[in-house]
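Structures given as structure tokens follow.
In what follows, chain A forms one complex with chain B and a second complex with chain C.
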Partner chain A sequence: MEGPKIIFTIPLLGGIPVTETVVNSWFIILAVFIACRLITRRLQKVPSGVQVLAEKYVTMVCKLVDDTMGKNKQRYAPYIGTVFLFSALGSLISLLGCRAVTADLNTTLSWALVTFVMTQWGGIRTKGLLSWLKGFLDPVPVMLPMNIMSELVNPISLSFRHFGNISAGMVITMLIYSGLAALTNIVFQGLLPVPIFQLGLPAILSIYFDVFSGVLQAFIFCMLTMVFVGMATDP
Partner chain B sequence: MLERAIVLGASAVGAGIAMIAGLGPGIGQGFAAGKGCEAVGRQPEAQSDITRTMLLGCAVAESTGIYSLVIALILIFMNPLVNML
Partner chain C sequence: MEGNTNFVSIDWTLLFQWGNLLILYLIVKHFLFSPIQKMIAQRQNEVKAIYDDAEKAQQDAMQMKEEYTRHLENAKDEANEILKNANKKAVLRSEEIIREAQEKAQNIVSRADVQIEMEKRRAFEEVKKDISDIALLAASKVVERELSSEEHQKLIGEFIDHVGDC
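Up next, the complex of A and B:
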């Protein structure tokens, strides 16, 4: 397995490498942006066509935020909806043969850090700075290092979970591909120029590893974000 | 050369041993799925809620397995021990 390829380097600060991951995420951002513009261009009172789908998605996210975080937390719904869409599409882009955006720790770690900042900032804003700081001394002051650790570990576990699932799928798919190529070589004694056994079987596995796992991890990332932020902002 | 071979071989064995941690999430997720089935059997109308909660619990139970996977990936693909020689 290789890391993401470097497409080009920005000649700034000693060269900033721009990898495949970043370029693929630009494509996703562009696609989502264009789709949003096209769908919301002619909104009607009675929805039809893709507007039904868009409204269904927005209602679903709002309901999910309502159910998980409680009432009057609707201002987090746009972020949750965006992250879900970005993450799901970032995993599903591997169906097109591109490298999955989420199979890179940089991507998932940056989302997890956004969640971390949101959690802490929400805690400070609802509880006030002093009682937020006092929360770290709960239930006894000896627990201070434990409490700090348990906050710091959240983004790490959040990002590693997403990254690990997607890249594990990538590694397993790659192993199966090379195994099938070797099998073709053995059966046909190298007479066939095309590894014919690679047809079919990887597609079935791809349904699990790319489609199911990708969407599930996106959902879980959003769910855990909602749970963390909801717990921190509960008065 | 020999040292390098020993380190590489030991890293491969270590990656294999690290993946023994896959046992834990397997047991945990199986337990969660079994309990989920029981709950659906008792209360079929709450199936969507139960499935959602079960998937969330499964994903959280999976983290230990994922940590071991990350360690195995590091040992195999970007071995830090070889550079120490």
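Up next, the complex of A and C:
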């Protein structure tokens, strides 16, 4: 199984490869930018059409942040909304035949590291450096290595969960495609140039692996980010 | 350098994805969350203002109604007061008029009495004088002589006085 294709290389520092993941992310950014500009350029007092959806999305994210993280944490809402959009669209882009952005460990790890930094930085800012450090000795000082480990493991588990789910879906879909191609070959003895059995079944499986799994993983990632940061910044 | 990266690897893409996340964050924050939250807040304020206005208008109306009711009651009381005063004044005035009229009538009557008395006296004097003259004349005719005028006049005057007393 191969990783994302290298689209081009920036001739700096011995060549920086720009992969499919990055280029697909740019498509997502462009699409989100255009959609946001179109929706919010002329906002109406009485909303209609797509503005209702955008407002619903914003209020839903804000409410989720409010419910999960607690009061006075609204400044995290745009970030959560961003990660959800990026993650969901990054997985759903596979429906267009592109490689899912989230099927690359770099993507999910970069987000998980942001969550990690936000969690620790939020903890230091809310509790103060000393009591934040003392928090690692709770409930008994023996727990120090465990506590440090559990904090360090968070970004790894966050990123690998997301990456694993999406890439596994991709791999399974690919296996099914090649399996169905082989089945077509066997049944028609190589007389049919079109792998006809690939019609139908992958579409049904795609509802689970691409749509459901993608949105669910986006939701889980956002939820866990909110819980971690919310817990760390609880006074 | 064409080809593929490894299926599980950590490379430059991590940095690119940080950059992409930051760009998308700025876009979502400035072009989605900010304007929509602003719009929602604006709408909330507007609705709140409308409700506040309605409440205030209702309060004003209630206050006005109360005021008018009070004014109406006051006006009724005032009208009653005015009517009562007018009645009292009218009664007083009529009594005064009657009293004045009575006084005037009394004056007229008493003046008339005085005048009558005076007239009576003057008439009496005149009659007395006439009678004494006639008596004197008659007596002089009877006696055929001249009487002492003064003495007789006095005598006759006394007589007439007696007559007047009767």
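In this section, the second predicted complex is superposed on the first by the 235 of 235 C-alpha atoms of A that agree within 3 Å, B and C clash if a C-alpha of one lies under 4 Å from a C-alpha of the other, contacts with A are read in each partner's own complex, and residues count from 1 in each chain.
The criterion applied here is as follows: a contact is a pair of C-beta atoms (placed from the backbone, for glycine too) under 8 Å apart; a residue touches a chain by one contact, two chains touch by 3 or more.
If you're wondering where the values come from, they're calculated on a predicted model, not measured in any experiment.
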(Q) Given the alignment on chain A, is it a clash or a fit between chain B and chain C? (A) fit
Q. Touching A:Ser157 in the superposition: chain B (first), chain C (second), both, neither?
A. first
Q: Give me the angle at the C-alpha centre of chain A between the C-alpha centres of chain B and chain C, rounded to the nearest 10 degrees.
A: 130
Q: May I ask you to decide whether A:Ile28 touches chain B, chain C, both, or neither, giving the answer as first, second, both or neither?
A: second
(Q) Between chain B and chain C, whom does A:Ser167 touch in the aligned arrangement: first, second, both, or neither? (A) both
Q) Which of the two partners, first being chain B and second being chain C, lies in contact with A:Tyr76: first, second, both, or neither? A) neither
Q: Based on the superposed arrangement, let me know which partner A:Phe197 touches: chain B (first), chain C (second), both, or neither?
A: neither
(Q) In the overlaid three-chain picture, which partner chain does A:Gly15 touch, first (chain B) or second (chain C), both, or neither? (A) second
Q: Report the partner of chain A that touches more of its residues: chain B or chain C.
A: C
Q.
For A:Phe116 in the superposed arrangement: first (chain B), second (chain C), both or neither?
A. neither
(Q) I'd like to know which partner A:Leu216 touches here: chain B for first, chain C for second, both or neither. (A) first
Q | Three-chain overlay, closest Cα atoms of chain B and chain C, distance in Å | A | 7
Q. So which positions on chain A get touched by both chain B and chain C?
A. 1, 163, 167
Q) chain B touches which residues of chain A in the complex? A) 1, 157, 160-161, 163-165, 167-168, 171, 216-217, 219-220, 223-224
Q.
Can you tell me which positions in chain A touch chain C when the two form their complex?
A. 1-6, 9, 15-19, 21-22, 25-26, 28-29, 32-33, 36-37, 39-40, 43, 45, 54-55, 57-59, 62, 77-79, 81-83, 85-86, 104-107, 109-111, 114, 163, 167
**Q.** chain C residues within the chain A interface of the complex
**A.** 1-18, 20-21, 23-25, 27-29, 31-33, 35-37, 39-40, 42-43, 46
Q | Sites on chain B touched by chain A in the complex | A | 52, 55-56, 59-60, 62-63, 66-67, 69-70, 73, 77
